[in-house]
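Letters A, B and C mark the chains in the order given here, with residues in each chain numbered from 1 onward.
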Amino acid sequence: MLSSVITRRSMEIAFALVLIAMGALAIQDSLRIGAGWSSDGPRSGYFPLILGVILILASVGNLVSALATRDAAPFATWAQLRLVGSVLLPTTIYVAVIPFAGIYLPSALLIGFFMARFGGFRWVTSLASGVAAAVVTFIIFEIWFLVALPKGPLEDALGF
Amino acid sequence: MEEIGLLMQGFGVVLQPQNLLLMVAGIVLGVIIGVLPGLGGANGIAILLPLTFAMPPVSAIIMLSCIYWGALFGGAITSILFNIPGEPWSVATTFDGYPMAQQGRAGEALTAAFTSSFVGALFAVILITFLAPLVAQFALRFGPPEFFAVMVLSFASFIGLSKGSPLKALAAMMAGFLLAAVGMDGVTGTLRMTYGSMELMRGIDFLVVVIGLFGLSEILVSIEEGLSFKGARAKLSMGIVLQTWKQLPKHWALALRSSVIGCWMGITPAGATPASFMSYGVARRTARDPESFGKGRIEGVIAPETAAHAAGTSALLPMLALGVPGSPTAAVLLGGLIMWGLQPGPMLFVEQKDFVWGLIASMYLGNVVGLIIVLACVPWFAAILRVPFSIIAAIILMVCAIGAYTVNTAEFDIVLMLIFGVIGYVMKKLDYPLAPLVLALVLGDRTEESFRQSLLLSQGSTGVFFQNWLCGGIMTLAIGIAGYPLISKAVGLFRRRELKPAQ
Amino acid sequence: MLLRRHLPALAAGLLAAPAVQAQRAWEPQRPVQLIVPAGTGGGADQMARIIQGIITRHSLMRQPMMVVNKPGGAGAEGFLEARNARANPHVLVITLSNLFTTPLSTGIPFSWRDLTPVAMLALDEFCLWVNAASPWTTLAEFVAASGTQRMRMGGTGSRQEDQIITVAIQRATGSTFTYVPFRGGGEVATQLVGNHIDCTVNNPIEAVTHWRSGTLRPLCVFDRTRLPGEGRITETMGWQDIPTAKEAGLDVEYLMLRGIFAAPGLTPPQLAFYSDLLGRVVATPEWRELMATGAFNTTMLAGEAFRAWLTEEEVRHRSLMQEAGFIGAGG
């Protein structure tokens, strides 16, 4: 078995802490906008306050039970994380680029990249397929359904 | 009966070749937009509405309602194949539909989904045909307190169902409620938990979360086990349709119950989403072995699909009879009716008989035609799973991004989808159940809203929830259902202690 | 098949092109986005899609029009997007009351002055409705009753037009109303039919069917003049028979703007193209039919008169919202 980098226990603890932080944020905001019960029912912050408190209580419970275990079971192995990262990283770049380059060009590149990297297709074939997919998407959305998706300088230069 | 005669006239209108052609075109378009998440239902119909502007009203509504049927059918496809619900009401279908696809039973799951959709819709159409005025009167009894009671009932039928740590289920549910509360408070217009961010003012849309939490995270989870999708072994023949049909009749009671739940939710109008969750919850509760749900039970596909379509179809009834849309999609159709100079409401049935009965006839035919088309395509849909991972994964990612974007036309929603994809991955690995989060997220807003509306009406008195038999009855039922597992568990625990005194 | 639908339009456009070109100095070079600062299915969305449909059907423009919903931030997002598209002649936005209310209630700084006003297409009317089974047959009786019992007013959304009218009624009558927000006009009307609330200020189009079926009753219209209309809607009454609020002794007036704005920094020829286009849209039979069924106020304003109207309305919204305590800064 490969050595694990992150134990399940530490992940449990981290996630519980995230939820506790979320609950705390909710409580803080609810108190700001008023969490009481006015003459005609609860105010805006009433429910979020209660929800925040329950979330914190439940997460503290989860935190305690995670702390109590001495189990070193893995959350994921290095190899697994590397695989996940190999999809997550390009996807993150894809999402980050969309506001600047529109959705079509990054989609073409993403599809091309996946095909070449994971499918072992030739780069020319992969990129051509990516471009084809993007063009089909463009025709379906922008021309048939008249739905405007994010567009970048390339589409701008082409007059759309 | 008068209705039958009118219905036959309606069939006469629908069976004109031109209308039949529009029907098929509508179904096909509907399936396409149903498959694309974010574009289905309301958005899709709104987009296609101006195209029907030039047609006579009957033809236009036939085409639009067929798009609607198509979208309803199509929503199930991505849920089953990729765990990406194309529509909110397809979420419950993923619970068992996706595991079935993973086991190589995609064809079976799709056939069951389409067929039960058809059964649910048919049940609702029959209801509309014969009981429309009566049912419309029933819908009028539902004010905010009754609506709140229905919401509580939805939650009650679902609570206590998740396996694993109850604390985790509770935390997930609370997180869902909190996410639903982000943005503008519908009752007072106060901004909640936006921290001055314009992007958060939009609120966190249910579909964006679900696309990330279910679809994207599924890609991440499945990639851990190598760069492939499971379920590529799916059988690709029409035989699978017939085989599945053979085992469907024995689930008639389930289908009937789900249809009733669906029609009730569609008319009141709570909508298809709570209907699908409630129906799934009830199916699981009444099953002899609830533990096997979520692992690929065919009942887990039949129940939500039947209810969702019964609700989706019966949602058209209050729209036609009262002018109240029972779903966002019905709201868009309502706009369409007004555009053609038709005034939905009590007078429509009296003054526009041709139109109303043409529409009802098209519901019958549209569903039959739709069922034939989608069933014929089952092997094709299932074949998608055979496309190599390296090709399909990136296309799914693109479709997810487009879906997240089109919900609110917001680029930030794509980022949000990515974040929820990672959160979903972590939650799945840590055995946090996703269903309570999703249920709370989709119903949280409306539940709080109806609670506060009720208290505004009663000027702060909580007695309003037991003010009449209808509301009080639903509330009592909800409390009973919610309490039942606790009681039975307590009794069980007590008995076990008695049996094993040594422990 | 959708492509095929567009082809005749395209062909017609090409044939007519030389003549059109001579008249117009500028026309859109790419698809025109019509931003709706609200979700799908609402009044503004419906109107936008009707405009889109009319333009497509009558081939009024060579480039297609795309309707884009930007409901975020109570519509602020849609307005900001239009504002940020400075000098882009392919961005239009259709307005509803949130043009005035959103900057006040959310504290997001924008106003109509950030955009180029093109034209007011119509004004949405509001009527006061009660259940036909209620004892109030005139506005005077209703006002008198509101002094002794707390009226439950249903409306669409919060801190928007319906609630503002409610505040204005409170100011004029001195009575207190309980305002209960719902999600849409149709839902509000049904709640009134089902007797869950006491009154509403629905648009005519949202409640007319219930009026005709004898379940709702209009008491007044919140306009300076009576609604246009001939003939009868019910056995005894037509739109023109509903008294104005002022006639009936309540000094409340409210109309909601249905107007088209363009991105800031448009050149005069570009502006001229769009005013001309909208002029053609409102001249179509489809548009007139919509105006008639919805009993809209069909006042059309452009240029200086429109600006003056906008200035006045902005001030009025501020005063009403201030009084109601709806002004917030992200609060």
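The rule is simple: a residue touches a chain if its C-beta (ideal position, glycine included) is under 8 Å from a C-beta of that chain, and two chains touch if they have at least 3 such contacts.
All values reported here derive from a predicted model rather than from experimental measurement.
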A-C or B-C, whichever has more C-beta pairs in contact: B-C
Per-chain Cα centre nearest the global Cα centre, belonging to chain: B
Interchain centroid distance [CA atoms averaged], chain A/chain B, Å: 23
Centroid spacing, where centroids are CA-atom means, of chain A and chain C in whole angstrom: 38
Chain B and chain C, separation of their C-alpha mean positions in angstrom: 31
Touching two or more other chains - residues of chain A: 33, 40, 145-148
Numbers and ranges of chain B residues touching at least 2 other chains: 47, 185, 187-188, 190-191, 409, 456, 459
For chain C, residues contacting two or more additional chains: 2, 52, 67-68, 178, 331
Touching residues (chain side chain A, partner chain C) in the complex: 33, 40, 142-148, 159-160
Chain A-facing residues of chain C, complex: 2-3, 29-31, 33, 52, 64-68, 178, 331
List of chain B residues in touch with chain A within their complex: 33, 39, 44, 47-48, 165, 167-168, 170-171, 174-175, 177-178, 181, 185, 187-188, 190-193, 195, 216, 219-220, 223-224, 226-227, 388-391, 393-395, 397-398, 401-402, 405-406, 409, 411, 414-415, 417-418, 421-422, 425-427, 429-430, 432, 448, 451-452, 454-456, 459-460
Chain B residues within the chain C interface of the complex: 25, 42-43, 46-47, 49-51, 53-54, 139-144, 184-191, 194, 196, 198-199, 201-203, 318, 322-325, 328, 331-332, 334-335, 338-339, 341, 343-348, 408-410, 453, 456-457, 459
Partner chain B, residues of chain A touching it in the complex: 8, 11-12, 15-16, 19, 22-23, 25-26, 29-30, 33, 37-45, 47-48, 51-52, 54-55, 58-59, 61-62, 65, 75-76, 80, 83-84, 86-88, 91-92, 94-95, 98-99, 103, 107, 110-111, 113-115, 117-121, 129-130, 133, 137, 141, 145-150
